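Both complexes below contain subunit A, partnered by subunit B and then by subunit C.
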Partner chain A sequence: MKLFDAVKTYDYRSLLKHNETFVFFVLLGFSIVVTIINPSFLSIENLFDLAKSSAGMAILAIGVFIVLLSGGIDVSFTAVAISAQYIAVKTLIILGIDNLALAFLISCSVGIALGSINAFLISIFRLPTLITTLGTLSVFHGGLLEFVGSTPFYSGQIPDCFKSFGLAQVFTLVREDGTKFGLSLYVLIILGIVVVTWIILRYTMLGRGIYAIGGNREAAERAGFNITRIQFFIYCYVGFLAGIMAIMHLAMIRYATPTLSIVGTELSVIAAVVLGGARITGGSGSILGTLLGVALIVALQKNLVLMGLSSYWHQFLVGLIIIVGVSITYYQSLRRSQQRVVFTEEL
Partner chain B sequence: MNENLLEIRNVSKAYVGVQALDKVDMTIRKGEIHCLVGENGSGKSTLIKVVAGVVRQDEGEIIINEKLYRYLHAIDSIREGVQIIYQDLSLFPNLTLAENISLNQEIERSRKVINWKDIKEIARHALDEIGEDLDLDERVENISVASKQLVAISRALTQDAKLIIMDEPTSSLTRDEISRLFNVITDLQKRGISTLFVSHKLSEVFEIAERVSILRDGKMVGTFNTEELDNDRLVYLMTGKKVESTIYKFDEKKKKAPLIEVRNLSKSRNFKNISFSVQEGEIVGITGLLGSGRSELALALFGMFPADSGEILLEGKRVSIENTQDAINAGIGYLPEDRLNQGLFIEHSITRNIIVTILEKLLNKFGFISAKKREELVHEWVNRLKVKTPNVESPAQSLSGGNQQRLVLAKWLATNPRVFILDGPTIGVDIASKATIHQIVRGLAENGMGIIIISDEIPEVLQNCNRVLVMAKGKIIHEVKDVTSVTEDEVFSIMSRKEAYEAV
Partner chain C sequence: MWTLFIMMVALSAIMSAALPGKFLRLLNFQSMFSQFPEFGLLSIAMMVAMISGGIDLSVVAITNLTGVVSALILTRMIPAGMAGPQAFIIMALAVVTAIVISGLCGLLNGVVISKFGVPPILATLGTQGLFLGIAIAITEGHGISTFPEKFLFIGSGMVGGIPMPFIIFVGVAVLIFLFMNKTKLGLSIYMVGSNPTVSRFAGIDNDNVLIKTYVVTGLLAGLSSVVMISRVNSMRPGYGAAYLLQAILVVILGGVDPYGGFGSVLGVTMGIIILQVLQSGFNILSFSPFFKKFIWGMMLLVVMVINFFVAKYQQRAKKLGTQPVESVPSPGE
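Here is the complex of A and B:
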């Protein structure tokens, strides 16, 4: 009887309100379906592979998540990433230097520099973030193709340091037939970024400032937060993350083309973040949710064909996810504002 | 105890062409509850901003804690213990109560790192000081306006407040919540903290204030002990004119078939079995606490929030009202409670705001809007409702609160409604404009319109309506047939008494 009461009084709605729970169960359900069709889906090897291939998107998603949290939106991060990548690899090839640290340094510097252009436009001129970054997306990408170059670099031209980085593993396991597979170093990098970002958001005044301006910008100003500085941090951090992602991406595919390899995936990344429960109007969401959102989007991407659907479905679903995600946020805020006037109990 | 905490001396401030403050003097004593009253545009908010150090005065000086400031910076003001609670409360809806209360202090101390234990302790301590126990882990967006108010006060206390300035704190609170707020203010007083209470609700001024300062057109009319004043005198001092209050009389003999009749109208969770009718020339008041269902009922009648069941009859004919277009076609007009969001296109011109409801009537034979018809109509309504504006092409936001409300009236009256519902018609409107609006409404009723006034200001409905319906928990619990037979207190106790709740 007591157990029954406890079951009855537990507020399931509060659990369901957590988007993470919801996304987790969708992911679980999806995995079960895919595993039934293809039992190797849930193999350790495949999961390791999924982790590696979603690392890049996860890093970009964390950047987008922070921007959304502050009440803004950034769509230029893919152009930042491709610029960082291409400039870094081209410099290394021209100089004939084979050094991964230098590659990261160049890539992240380019990322931060381009991010600060966004930050400058947004914080000093107070331009709307969507329009600004839509503009810079085009400016950065067009500028790269015109001023830096548009010829791709193929596997043979790419310095060896990228190849070894792409193959680096935290540990290796041996298959039954004696060949080896392992967990990519990428997983550690993403873990590091998650921890750093989490600490910034949770335990620094800067991080709370990001939440604050996403919740109520005017109140944040009155409370004494330096909004310009916070926005500079946000957009530079997105650029920095794009710089890291750029090198990881290059090391994985070992082919650098400035035309259309990363640019064009903005919507998938934003969809992942929205799916993970970040409110598009700012102020709310979690890193865990963002990662789950990325996992779901990548799982979709990888398995649609397996499930007998054309890969165009991916594009279709990404758009749908954004619309549904935004609708849910809107509906929830509508419900909240109505609850304020209606009674809590039934008449 | 008679020491002055704050002294404002000879302060003047002019904005382009407008003298917002003209040689204003005012003092606030330690531990005093002081009210600042004045009509919209009298300079109240400019004065507060000068004290906050947000606006710099052109002339004059400010003395806080015996320190003289020629120019007061925002940071000085905070350091001297002045805390302002703005009307919008400046809270972060997405953060917890604990953070909302403690963050400002942490910023002021230039903390770079967050210690969550400290955050909670500061918040818990501040809430204890005002004797409130709220869930510190709850997000602010999930709590009531009254609780938000308490959070804002607690936040002020974390910064060693000596003077808390509250800008119109009661505008969205119910009677009970206001009493709770007043208890908190009196508690603060016992601890030597002064409160400057900015309000235009006079009954509250008399309830809480020890002294009252009155601003009119940027000039300080004077500071008075509350005992020296009564309602009429205060209104006179604020407006410079006598405002007559008479009761609206409806001629029972004219009684005909009802204009609008509502039968058993229900909407789940909002209101249940509402039946009433309104005759030609009647002004019927509906009053009740926030959440009694009064505004929801109005929205249902206007089709914005359609009812689940029940009937609405207009001049004896059953009409179905599923959306606002149905309501307008049936001859129902609605003046919304929140005129800024629902009533006006605030950035658009006065002309556009007036014609928006009746564009079809202005079309010429080619299907375009006739400039001549448009100008005639706008001219007519601006004159009839005495909207004060130099230019009908200026944006609606350039008008004062009272004139904006008249503009919303004009917009709906242009549709020639048979039944006109006014929800909180004088919220945020100053006294003189209030009287004008009431006069206009009476005039409409005398010309045969049926009027429903929804308001939580009991004096407003008792004075302007010939009948008053009292709502509680979604039901009509009482009907006042003769408004001269009851007092304000009696109506108030009907709508808030326990039995009323238990009876339904």
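Here is the complex of A and C:
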């Protein structure tokens, strides 16, 4: 009886105010449309596959989400990821070691190191985050290609540890014809990261600090938060996540081309995060929203062809979705602030 | 401003000394002066957007889109052997179309930023994808090349030994200088960038000013695309991607405050020249594109860090009374 009452008396109207609800319904609508065209879309096998391929973007998106929460923006994370990936793989190949743990160690260390460079520039010199990370994007990527190397490593050269990691599954199911498919380990990893991030944001002072900086930096400073330390954590955390994603990405596609992959997908990741409701001015957003945003972008990516549009339209659609999505969101808050006669402009 | 001038002269001197016989040649100067205008126009576009307190990340995408459309007009609508005046009309049509489309792109930017209240970073990030996406979808990733010879004069021709693009650039730079400093709209842009709340209360229609700002930015990007495609004789989506970071670098180097309200055409022009001198030197030294990318990024960071220290020094000097109180501390001085 109690559950029934709870369902009856829940404030459903408040749901409409949340960005996540809109994204969820768009995602739902999109899935229905696609399933009508191609019924195999909603099969368990396809959903498992979707989960695996979106795990990488989801991890990066969570990192970007944290940065956005703090009122900043980071566009260099792709360069951090590819640097971590390439350095890890090259080191393993040169040393002839086939150890996944070592790969993760190198990758995450590189990620944290590069992230700390961002943190240093942004917190010590108070540089604007967008331009700074645009600069470090070039420095990291150009530096990687120039000083570490630009020759790609193909499937035959990649150590086996990566391949087995990429194929690892949580559980396996058997189809009627005897072939197997399963839920990738990637899903566990992303779930773990989501839980850890959620705990940090909700139950630690650090998390509170991130929201505080995003809300009003000066107020946070006066309230006693150590801005420098928090910002160091944020940008190093992004780097750390990028390092994890790097190895997962490598294990999935099984070749490393430092010139072409990952870098260039910044727009899609930021689109996913912003769609999920995170404000670029900081202080609001949710992990759930971010994940929904990623799901939508990935679903779009995978099903463009199904809808009769060539893959060349992908970039356009991502841009269009960002524009429409943020226009609606920001317009709503613009109207709200106009109604309340609030004049503070934060461009 | 003087430090920029000194830097510009010093850098040229170093380059001439370090690369004897290669840098100080007329051919090199002509090559430099025909290469930088397309990029220079983009930098001025970025400057206008930044002075208004925002940023336009979509300038290169606008260039791509307008370039693609103009290229299509030039290649599809002029069959070989078409009579002179007819061909000329179509070439003019291509240029006009470029201007119109770029203006519309800028209009979209302006409307999304002012009427919907979307922060410029996000808005132009989205429109960047939008415009580039249309360009990619139209061309399916391929390039379009081989334009009528007469058209190429814009980008590759010379008037008395001076490259045509340079003449265009100087003309536009002077126009923008007059626009920003002598017209009401130009001064309004400075004010909106400096403090939007105050400018609103001072009676300026912020939305109107911002829309016009981004339209101007778009127009400049469109002009840049005309110069670009006529110099290189082709257009491919993705061309000029490196220009975005370089434009931001040049603008910051030239003394524009990323938070808005400060900046001058003269400073940006000197920044452009400094960058072109460096670029030319790098090319002569055969630096790899990776190394160049690394250096541009480093320069951007170094310049901003220097600005930080300069501003700090000025603040301290003001407090100690060792410097007369200026009306405004200008970054980059």
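Definition applied: the second predicted complex is superposed on the first by the 324 of 347 C-alpha atoms of A that agree within 3 Å, B and C clash if a C-alpha of one lies under 4 Å from a C-alpha of the other, contacts with A are read in each partner's own complex, and residues count from 1 in each chain.
By definition in this document, a residue touches a chain if its C-beta (ideal position, glycine included) is under 8 Å from a C-beta of that chain, and two chains touch if they have at least 3 such contacts.
Fair warning: this is a prediction, and the values are worked out from it, not measured in the lab.
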Should A:Phe232 be classified as contacting the first partner (subunit B), the second (subunit C), both, or neither? neither
Using the touch definition from the top, say if A:Phe48 reaches subunit B (first), subunit C (second), both or neither. neither
Considering only touches as defined above, state whether A:Thr204 meets subunit B (first), subunit C (second), both or neither. first
When the two structures are overlaid on chain A, which partner does A:Gly283 contact: first (subunit B), second (subunit C), both, or neither? first
In the superposed arrangement, does A:Ile270 touch subunit B (first), subunit C (second), both or neither? second
More residues of subunit A in touch with subunit C or with subunit B? C
Name the contact category of A:Gly214: first (subunit B only), second (subunit C only), both, or neither. first
Is A:Tyr86 touching the first partner subunit B, the second partner subunit C, both, or neither of them? neither
Go through subunit A and flag every residue that touches subunit B in one model and subunit C in the other. 343, 346-347
In the complex with subunit A, residue positions of subunit C that touch it: 53-55, 112, 115-123, 125-134, 136-137, 140-141, 196-197, 200-201, 206, 244-245, 248-249, 252, 258-260, 288, 290-298, 300-301, 304-305, 308
Could you list, by residue number, the parts of subunit B that touch subunit A in their complex? 86, 88, 90-95, 99, 103-104, 106-108, 111-114, 141-142, 144, 268-272, 290-291, 295-296, 473-474
Could you please specify the touching residues of subunit A with respect to subunit C in the complex? 73, 121, 125-128, 130-132, 134-143, 145-147, 150, 267, 270-271, 274, 280-281, 310, 312-320, 322-323, 326-327, 330-331, 333-334, 343-347
Spell out the residues on subunit A that touch subunit B in their complex, using ranges where they run on. 202-208, 211-212, 214-216, 218-220, 222-225, 279, 282-284, 336, 340-343, 346-347
